[in-house]
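Every chain is named by a letter (A, B, C, D, E, F and G) in the order it is written, and numbering of its residues begins at 1.
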């Protein structure tokens, strides 16, 4: 089914081309008249007070870490969510999406367990005040 | 192989024509709509020998002007990243359109037939892949680089702050956005957008009815992803001027365009996932059945109606986004993060659990 | 005796904490405006924009516009270069150079402004010059605002231009004589500052729309 | 009459004014006495420098129930009078109303407006609209009565100050009244014009705008002017004067209002001296006739003078200026004697012109000949001496301060042969054409400084007032500078470091060094004021 | 360079675009800012001309609208921001204080921003009515359509100078070769 | 304004009060310069006076009136609790323009005193941050002194003169006639 | 600078230990959207948090006092207009009252009522502009436009009476420049209805919106004592819970004849300052209506030859009138030597004028006590410890007006 992804490559090419084309046009037809002041960064009409290459506050990194954790975890939900009905059935599904045999809380429980860990993590970071931003 | 590419190009032409035009129209709409909300006229004066087209020429003027504005790269900036950042801002948004189904599947050989049964319908989405929505999330999260890198590379304190805010905000809401949809997947059991639309055949089956909380969470998280008010912190014009302070001309336009493409994309996503996509009430494969009306329509007309429906829905969602953008004040960074992490994320998790429980209960065999 | 003070506060409950209800209420206001302004009946539309160059709004009677110099019966300038306006002008935007008429008739005023310039780019439109003029020469009731200019010197209005907007004034040089009170009683309040009795102008000015 | 002569202290008598007792000198003019007491009394015709006419009847006081003009009354023992009672005030108000009956509605064009006594009195005393309906009498307007003066008879309130001035001070009865009653009109005497050399004082003392100065007429409104106190440089008298100017231009000179050595008077010629300030001026240094930068000019002097300094200092001549201030001459003298050790020091002056009189004017047209002489150590050569020395080739270099050096063509020709001629002058002249280096100098109205005056009064009165003080009214044009400043700079390039910050510093040094100036005073701080806010004028 | 070199229809089209898409950098300081708000406001709605976007980044602005009194202390700030605006740019002096210092003729007020930066359009009035500003905007639009404006002229000038220099160089080299 | 408060101040300071007046109902005390801090503290903290707010702090230059001392620093006190006001002034001579700071008594005085320093050149002893506030650091002189010419500018930036001339086209507008006017108010 | 000892309150001390961050130094202003009017705020930032702030005002110092000292009392009205340019009428009134106090005269009753009416209209304009800026800078543009629309309606009314939209120069010493025009009362009342609607709309859109509340409540809290020590007056002081309104406590004009309440806040945070202003608008509207009910017939100007220019016809036709006219214009109104301080409730609080006269036609000193200047003294304190985004609403609630703060 890799052919399904072929259009995406085309889209990729088109998207990239579009962006680059825009920028090249600008380069070609825009006027240019540099001066020393223009070359300096804008800071509300004053000279830059300090260079912006600094170590940022740790909370920004924290967000990135938390994102990694939660986003990857969330990714696990996707297949589960899609397959949930199947997981919840002992037998197969009928056309109306109902189980033909009986329901089973297996899928549910699996994910609840997973979720519980995730929630625990959330509670942990919450309690550790890692979600405080002021 | 060749045929696929050609088809892809055709669909790209249609969809991009749609998306790009819509985003251009959106800039006009944003200005006219806000004007109407604010008791004023809005842009109307641009004209070509007297023809104003209700101000539709203004976006054209903007684009042309921005493209011909001085192209400026600050010498202290990190040049490569500075140049690449706008690409990062726009390319992912363009790419994610690939999976949006914008019209009913077409039976190429039975265009004039009524309710044809095709063997292999041509799906009106550029790429029909099973993990369509996962693809969306994967690609969409790249766009955070646009703002973050732009902010960092500009060598400017304001833009640095903007970039930091952008990355933190977009990462945070990415999670909520992803989690908010899980309920929908639970209900519909598919990740493929085209399939998702097909399963929302009646209003009662629309995502918004099935997943109201999911809809609200997704909608607002998506607005946050577009960096628009009340979540426009990265721009935060009155505080830090914006992550693109140092960008001029076409590069700035690229950000601008990306932002509007995102709005359109949010419109498409919400339409596809929650509003039944191109499905319209009463629109069936063989024609229109609504309010006692029984209209037999040829296949091509049905497809056309589907496309129109889709467009209208997207417009409505965009309209709503714009209305929100003009009415609400901006949030503060910590409040935004708190809302994301402590409000919407738990809410979405709870939504997942409840939905799962309900689905579980619903899918149990009918007693008796 | 009613309360002297009133404590203002806004309570915060679940309703507010839920974000959405108040957001929706707010959206209600803006959307109401939107729909009335687009779909509503013409009479109810609230768009207040004046489409300026195409639609010109009537300016109020007292509006202080660009200056003008009034003329006498014979068409000469009323101003006698007494410098009252230049004196009171806080911006010193009025420049007058006085001249002397060569052979004035016996009762004519021998002083007149050879140069009368107003730099509208300095003028702060305070109207004090009109108040200070003892000859009814300078007025700002033109109902015209000064147009923008491309060069600074273009904004210096000289005597001919100032006079081109002028009209005959009925105030009499050197006094109307001992019975001036009787002459002016029918003209309403004598004490109007911005609009002393100036009937001709009102008659001559075409209605604007 | 108010000659300020030391009079024996008069006998004080008790006078009751509005029920309050005051001690006043017996026999003194009652109006003067009341004014000295700070009483608020209006008057038009009275003038301390003139005889009493009592024609305006504005200074009424109530004495034993009747209204008497106070200027005509003298202080006597046991006098009881009302000065501020309602009846008196009302009487004055009525007098004012009568005065205004025939006065034209002319303030808009009247040059006196702003310093008009009538205006001031109206505001102080009346302030009510007229209640008289009366056709104003028409009289001649714009009558050319003299060389300098235009008369507007309508405005005249018949106070006769001008008539008295011409008779008593100028001793030239040019003005008279004709007709009587409502039609009484000021006019020139038969076959005469108002042409005496003090005629412009009538403009000053006219309480209204009946007499106006042709030169000043319609140029500017008085309240727009700025007043700077200075000294007239017209002749050796050195009358105190107020220079009225605005925006770098001088419009007129008037005698100061307060009492000083020249009374309230100034001669017509003196008033016109301001014109030379705005005349054609040197604005840049010239080296060999070509405009040069400041440094280049100084360098040229240094280059050409230094060889001479090494060889023959006796061949250097310095010319002091009778038109330069004491400080300038002091600096020039110092340079001549102490540094250059010049062999010849001269004084450039203009010869007496015989225009002097016993009122104010002097024969000597040089403002500061006495001061220049005072600076000199020993005799100064005259310009004839200079011509002679030049002819004898005794000079190699000449340094001239001031504009007054007037040499014959022949002598000027001889200047060519010199190694260096430096002229510090304010105006281009035949001399500057010949000079090697010309340094533009500021004029009297542009500098701080003192001059030594020789008026009769100055000799008699306090020695301090022998020195008149100049204050700058306008900025010097271009690169023009005060003489002393040029001398300082020239000295600096030649290696003399005398750092004077200001003319005041030079003055202090001069006072210390030169006995002639031991008693000199710099004079008080009199800031430039805008006449509009200079207190109540009129 | 680039487009500025071409003339004719394309340049006209670009000029058309520029005049209807004037992003403003409002250098708003004083009283006039109140009228600027009104100008933005529903009553006068400068958006009709497509000039409603205030861009506080000089890189994206086309029109520097100097609104209000500029003091000596602000002069370097104004100059800096003017310099940082990307080409093409226009300057509109809003109100008499910006244009000439108005009635602030004292130790602290700049006697007109043209002592610091070049100005394309001056608007009199203290503060100007929005109508006057709209007039000015129309005037500026005309100016843009004429390809006029201070910075345009400067670009033109620099280009000509560069060409001259090039020609000279070229000419001299040919001479030597000949 | 309050008569009673003024009386109490006079009673408290005795000889420290140089003069008092109540022109147009504004009770005013001119007090000795050295006493200002203690007097202010006393006025703030004494019951029945409770001047807990410093309404305004400014200075006046009496140069043109020729008065000695040349400057006066004026404190407008206000009691929010008792709704009464009082004006306290101290004379400051030109040669030694220093007054004790009151910025720890009322915080607002911090900036007000900076402003007085900036515009009048009166220094405040023990002020923590005696910088210019309204003018720029490069500015020379104190503009509200009467001997500072009104229109003496000290530019931080100017275009090249020929560009200005070109922009003004030789005519800066009639309003801006170059004025020598009041420039030499100050004697040399 | 305030906060030089850098309060560092970090959220997760354990996490941040050993991870020292660098401070970012950021200039906000002089030309920045948040600093409407020009002010320069130098911020030391730790992430988003403000650890130090230095506020530099003075960018709009236009030499008000120096100009006043160079012009006559009458000529100074245009300068006062441009002090607090959001409510020029109030400045006019305050200045006129100060000069009148020095002169020892009082304007006719009708003039005083007109002054109250235009003053309250100006207060409405001020607060509307405040709320417009407040919401717009927090990102909500629609209410901004509504407020500007309402303000434009009010300006139309003010223009009709004074002849200028913003810089009215309408009040005169001894009265006002002209009487109310015909039909003005009705038009004003009609406009007030529209303004009320707008206030209600802003209220609906903003006040209880949680985003707005989050950003306003408990931000920049200022205690009573500190507010008093910092010389705060007006809505900001009342927001901190101090009951002080010049109109109530020291009634000038005829405010003692009007029935109104003084809105008081409780917490002293941004929200309270906002709410106080919103309530004041409603009070102002009611006050204007009361004034219209009470206003008597009569003259709108004193007729004192030493204070007011005589009626034009007298100037044209009689020498007495002309002399009077000349003397007033040229010499100015000669105010007896002395000093006077008057204070009125301006848009931002106690607007005082301290005038010293030396007996001539122009003031020896004309000091304006600028309420915002006093408010701004506290800004550094208010910012430290909050986030950079709080700068915007905090700065807005202080409602700094450059013309008044820097003069």
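Criterion: contacts are C-beta pairs under 8 Å (C-beta built on N, C-alpha and C of every residue); 3 or more make two chains touch, one makes a residue touch a chain.
Please read all numbers here as calculations on a predicted model, not as lab measurements.
Student: With one step meaning two chains touch, work out the least steps from chain F to chain G.
Tutor: The least step count works out to 1.
Student: Shared touching chains for chain B and chain E?
Tutor: Intersection of chain B and chain E contact lists gives A, C, G.
Student: Taking each chain's centre as the average of its Cα atoms, which chain lies closest to the overall Cα centroid?
Tutor: Measuring from the global C-alpha mean, the nearest chain centre belongs to G.
Student: If you tally the C-beta contacts, which comes out ahead, A-B or B-G?
Tutor: A-B is joined by more C-beta pairs in contact.
Student: Quick one: point me to the chain whose Cα centre is farthest from that of chain C.
Tutor: A
Student: Per the centroid of Cα atoms for each chain, what is the distance between chain D and chain F, given in Å?
Tutor: Going by mean C-alpha positions, chain D sits 39 Å from chain F.
Student: Hey, how far is the Cα centre of chain E from the one of chain G, in Å?
Tutor: 32
Student: For chain C versus chain E, what separation do you get between their C-alpha means, in angstrom?
Tutor: Measuring from centre to centre gives 29 Å for this pair.
Student: From the C-alpha centre of chain A to that of chain G, how far is it in Å?
Tutor: So the centre of chain A lies 48 Å away from the centre of chain G.
Student: Out of chain E, which residues touch more than one other chain, so two or more?
Tutor: As it turns out, chain E has residues touching two or more other chains at 3, 14, 41-43, 45, 48, 56-57, 59, 73, 77-79, 81, 86-88, 100-101, 103, 105-108, 112, 114, 126, 129.
Student: Send over the residues of chain A in touch with two or more other chains.
Tutor: In chain A, the residues touching two or more other chains are 29-33, 38, 40, 42-43, 45-46, 48-50, 52, 56, 59-60, 132-134.
Student: Multi-chain contacts in chain B: which residues touch at least two other chains?
Tutor: Where chain B meets two or more other chains at a single residue, that happens at 37-41, 68-70, 72, 157-158, 160, 237, 241, 245-246, 249, 326-328, 333-334.
Student: Enumerate the contact residues on chain D facing chain C in the complex.
Tutor: 104-109, 113, 132-136, 138, 141-142, 217-221, 223-224, 532
Student: Contact residues on chain C for chain G in the complex?
Tutor: 2-10, 12, 15-19, 22-23, 25-26, 28-30, 33, 48, 60-64, 84, 87-88, 90, 124-128, 131-132, 134-136, 140, 171-172, 175-177, 180, 184, 189-194, 196
Student: Could you pull out which chain G residues touch chain B in their complex?
Tutor: Interface residues on the chain G side: 24-27, 32-34, 45, 48, 135-142, 145-146, 149, 205-206, 209, 211-212, 214-215, 387-392.
Student: Using the touch definition from the top, list the residues of chain A that touch chain E in their complex.
Tutor: Spelled out, the residues of chain A in touch with chain E are 28-33, 35-38, 40, 42, 45-46.
Student: Where on chain G does chain D make contact in their complex?
Tutor: My answer: residues 305-306, 310, 314, 316-327, 330-332, 360-362.
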